[in-house]
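Look at the two complexes coming up: subunit A is in both, with subunit B in one and subunit C in the other.
This part shows the complex of A and B:
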């Protein structure tokens, strides 16, 4: 997708033979990721133009990000599942099951069985811990059947999709449950479920420092061993673009204010006299987005810096070689599914909090969106290829399309037609690019 | 030949491996001394690779015993074999194509920092050093090995064995995929490793390679060893006869010899496949 554009942002042609591809190669930037970022920006700008500039507003973008966060969280794990030549169709049902568990825990089980009433401290954390435990157990069981008994993952997780969804019904006896702990509701990312202006700036500063720190650390490491390093202009450009992007996003998120009603209530409760034109309280980053950022960082770290991730990719690239290298490949597969289960618990927390409860169909069809996100994000079913940030971008490409089309007044069945076509076109484009030797 | 008086580096006694009802390796005994190269030859399906997989842990034997420097050991998987410094370069190379050269050299034995994360710098450094010995022109340390040439991939597979100080090295067809220059490089390497006291099992289709590099030659036929013989005590024709007929030269009848010679010429060297 990189060759769609003709100018790189902030890059005047330095030499007569300057090419974007050359510059990207010198800077060791991932083509595929860069292309996807451009596609995402193009989609957002496209919808903005179609909607005469009303689309690209902080409120819309915040809503879009919150809606996409649940699927994006799962996509970070689905990448590893698919990289290791497996699939997980049960994620949607597991999200539904854990979301229902959260709702029942806080409305029924914690107060009535364990005697933890409304004022019991850290109820939200206890519920979350139980949900994470449930996810890990479900993941471990499915992973064990796949890795040690040898049932194909498609079959095991298809069974999981059916039976776990059935278990949701059994759990709630067919009823929707509502009324979560107020703290737990913050996971949903309403105006109150956001970290606010100051913390958003803090996150941006920490993020910028992390970018610079990482670049400096990598350069030092390569210097230490006398390896060739990136050209200085590339390092500085990457650092500058990265920091600007982070700070820009923070500023954008802080351009979103509390709804007037909520702000007035807040002013009255805290004895603040409202200025003319209403009190402006910056919403900042919603919690689901903060959680997604955290999950993405952790999963990227696991995938690229830890032995676990190396083994996942090695197994996906050549299962026999991984086995001969002495890697415990079966246990590696089980660990992937445990991780996927934990991510289901996180995604379920966001979904349940947004609903302030759980219905029977929470997470319905998530597996399809999550797999689509991973695949649009450059994950290959042949195994061994795919990145965590790519999958997150893929999730947002799909979510932007869905949200943008809805915003432009396209109904949901027509949205699905577009989403399906985009999925196929994205993968076809990728396959074409790979054959030409452009990617990988 | 640097055979010493001490216990052999590796001894395999009465090794049996069966696949279903087929005895791929049937009661084979073989030993290897430090600084020795044993050429393992035989037709397709003779059991050479299976015998070596019993030693490398890729396919543990059904019965029989393995001794390393006189001590009886159990090798149940590749990890066990590596504990005894047994390294194997498989015919398929067993590389993860989507991972770079340092990642492949250290696959399963990654160097880590004090926080348990992979130390990519240290791994690349070590890989640069060992590749400098094997293939000095190699520069593509950050590329997935998929994009490397056959010789470069072979070098990566060999680097893996060399870096971890193999005492016993199994090379399954190390030159099959290589051009003449690269083959010469691998031959030089084998001679160099031999002088360092490493014991090497060399499986090869190329009878010239075998005669050039080996101290002793073991001929396998239908899962059994026909004979293990010093290179200086035999000829290429005798070895070829053993490979094809599965009998020692003195057991071969005139009739069999006549059939062997039927096409008119003496057996071509590359029949030893």
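This part shows the complex of A and C:
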């Protein structure tokens, strides 16, 4: 997320006099994304002030990130769906269906029908693979009906929302299912479900190297093809800020220690004598956040560096032109929905692991949060406009409000009021900016 | 609340079941109406929730047939119109008494009128019917009593300390009115006033949209973070029902918080399992086997020509109505007065899980005791 460079090879006009906007333009930083990052920081600081400095603690931010990860994962796909002038209302129900499948697979079907008991190796992986397969199939079916039969996506996925939620009921016969595979539970991101201090540092170092590598590679490529390059000061600043942010976040995440009770248990189980102040084990990045980072990188890559992504944006910008240019637009739409289905399976794994089971209402109204995240993140319903990192940021803007308000003791009705207003304000602000700034 | 929570989902389920069931007409259950015998017609609003088919129906049927009556029924599949035509069918099949689980407490009134015209007494089963003429018998569990039982169990375990209150959907009268008034009946309000109990999080409790488990989990995690930041320890949690209690347990687990005493209600298998595992202290259980039995007894007596006010039921002492075994006046929220028999809910803790198992609840011993280490000295006796 620290990597806020845009990849569109836009023209960088020379700035006659210094201005923040001018500097951002020269550095090719997405103004909208930058503004959203500032808004997110402002929200977090605001809650910190209201809560007398107790809010901005590593533990709290970890909770916030884990709670938002499921919706953020889906938002990365919803961007592409909306960019291609479609909508997917079925994501919440599909998450619920796959979460219930995971739970039933691991508690009933695999052990009782196929005889894979608790000690069966990689049972969790088998369940996960089946879930991903289910997601892809559901996505493909919906995508096929939309693209090849020509039923509007709103209708198809509204039908999906209803019927898939009904199928959750049929699967579970109305009862909640609990008690998942211990390995699978790591997806939920509790203290045990985190990668720990050392690996977090490793992730940070890899991330920093990737930022530097990407900047160097981009500069070379632009030189090679005679594109204008960013000014050197911008390159260095972006690299420095990016690396600092990544390493700073890692240090912050590692400031979160295991809860004392769990640490004591761990010490006893591993025969370690606890030091006087208690054993301090860094929690580091929780698995849901690691998964989200991975998904964001892959989805950004798909959207900006692969032919598939180019087709999606081309189709969203002008469907007729894309068709005439020889793009197989129908197949592109089907692929978007398959991708969305797979993301539902990933999000469902996080949700099910967090609950250590599945209830009938897992994923309910996710579609609204996910669409809101994409839209707050700058995705336009007119099609053709929207970025993956923007949607992830949008998800976290919404989640930080929900978590912050709950943390401050505000009840859910008021939370919903605030969320609704923020959604409208964000889009209104965006529309205003677009008109003033003269397009994207 | 269980019912309400799932009602929204069921609206969706109808789409599927309408296809799968192939639109079968209301299939009146077993046997044709024996001439002169007591035929009891039962109209269910839905069979999607496992409870009705698993406990209520078999027990009611068994009671009626043991008394020499005939049991016929129909499932309206959550459809008000269909329930009205179901009632017509039941009457034409010769029902002498009607038992109605109404899909809607007002939309059912035309059916009530038809029954009245035909001189057939009506029992409102589990769910109230707003009958302006007050001619029905309402047989249900005590919802305020559920709240009272939850709070009594937790308060006796943790008389002083920091409490978290997790409530259900803010639009549901059960969540905002009935259950909290039960909590206060058990002494919660007084203890808050005296300072013995302090509330962490919103003073009025934290509401959970649509009784959603995930939402309860997210709220509880925020409350735990807040308590940790303020160096406060959470000593007990009052959750109104099982779906929210499940979310609370998930939050406690993800935060490695340990398991302070926690309440719930419904007798859901996953929650009874948590009771056995020591993750939920009490689950207030409405033994609907006894509810079915009470309705069956009342139906037989009405068949024999007794007036509603003369009905007398005998149920297990654990659920016996506080007001006695005969119908009492009940003021409905709609301002009507009907006769009612209100059964007492049963608080279930790890020590009393055998009550649920021996009653033949749809959560069986295997489900309730799943994952319990039976060799451990702390394992509940019911699982050994």
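The rule is short, and it goes like this: the second predicted complex is superposed on the first by the 420 of 440 C-alpha atoms of A that agree within 3 Å, B and C clash if a C-alpha of one lies under 4 Å from a C-alpha of the other, contacts with A are read in each partner's own complex, and residues count from 1 in each chain.
To be clear about the criterion, a residue touches a chain if its C-beta (ideal position, glycine included) is under 8 Å from a C-beta of that chain, and two chains touch if they have at least 3 such contacts.
The model shown is predicted, which means the values in this text are computed figures rather than measured ones.
S.K.: Once both complexes are superposed via subunit A, do subunit B and subunit C end up clashing or fitting?
M.R.: Aligned on subunit A, subunit C fits beside subunit B.
S.K.: Identify the partner contact of A:321: answer first if only subunit B is touched, second if only subunit C is, both if each is, neither if none is.
M.R.: So A:321 only meets subunit B here.
S.K.: Using the superposition on chain A described above, determine whether A:112 touches subunit B (first), subunit C (second), both, or neither.
M.R.: Neither partner.
S.K.: Just subunit B (first), just subunit C (second), both, or neither: which does A:198 touch?
M.R.: Touch status of A:198: no partner.
S.K.: Could you tell me if A:351 is touching subunit B, subunit C, both of them or neither one (first, second, both, neither)?
M.R.: Once the two structures are laid over each other on A, A:351 reaches subunit C alone.
S.K.: Could you look at A:227 and tell me whether it touches subunit B, subunit C, both or neither (first, second, both, neither)?
M.R.: In the superposition, A:227 contacts subunit B only.
S.K.: So after the superposition, what angle do subunit B and subunit C open up at subunit A's Cα centre, nearest 10 degrees?
M.R.: It is 120 degrees after superposition, to the nearest 10.
S.K.: After the superposition on A, what does A:188 contact: first (subunit B), second (subunit C), both or neither?
M.R.: In the superposition, A:188 touches subunit C alone.
S.K.: Which partner does A:268 reach: the first (subunit B), the second (subunit C), both, or neither?
M.R.: Touch status of A:268: no partner.
S.K.: Residues of subunit A touched: more by subunit B or subunit C?
M.R.: When the residues of subunit A touched by each partner are counted, C comes out ahead.
S.K.: Look at A:310 in the shared chain and tell me whether it touches subunit B only, subunit C only, both, or neither; answer first, second, both or neither.
M.R.: In the superposition, A:310 contacts subunit B only.
S.K.: Please give the nearest C-alpha separation between subunit B and subunit C in the three-chain superposition, to the whole Å.
M.R.: 38
S.K.: After overlaying the two complexes on chain A, where does the subunit B footprint on subunit A coincide with the subunit C footprint?
M.R.: Common to the two interfaces on subunit A: nothing.
S.K.: Which stretch or stretches of subunit A touch subunit C in the complex?
M.R.: Listed in rising order, the residues of subunit A that touch subunit C are 51, 54-55, 57, 59-60, 63, 66-67, 93, 161-163, 165-170, 173-179, 188-193, 258-259, 261-262, 351, 354-357, 359-364, 402-403, 406-407, 409-413, 416.
S.K.: Okay, in this complex, where on subunit A does subunit B touch?
M.R.: Against subunit B, the touching part of subunit A is residues 28, 221-222, 224-225, 227, 301, 305-307, 310-311, 313-314, 316-318, 320-327, 384-385, 440.
S.K.: Of all residues in subunit B, which touch subunit A in the complex?
M.R.: 56, 58, 77-79, 82, 88, 90, 92-99, 103, 107-110, 112, 116-118, 120-122, 124-125, 128, 142, 144, 146-147
S.K.: What does subunit C use to touch subunit A in their complex?
M.R.: Going through subunit C, the ones touching subunit A are 5-6, 9-17, 20, 48-51, 170, 201-202, 204, 206-215, 217-219, 221-223, 225-226, 228-230, 242-243, 246-247, 250, 253-258, 268-271, 273-274, 370-371.
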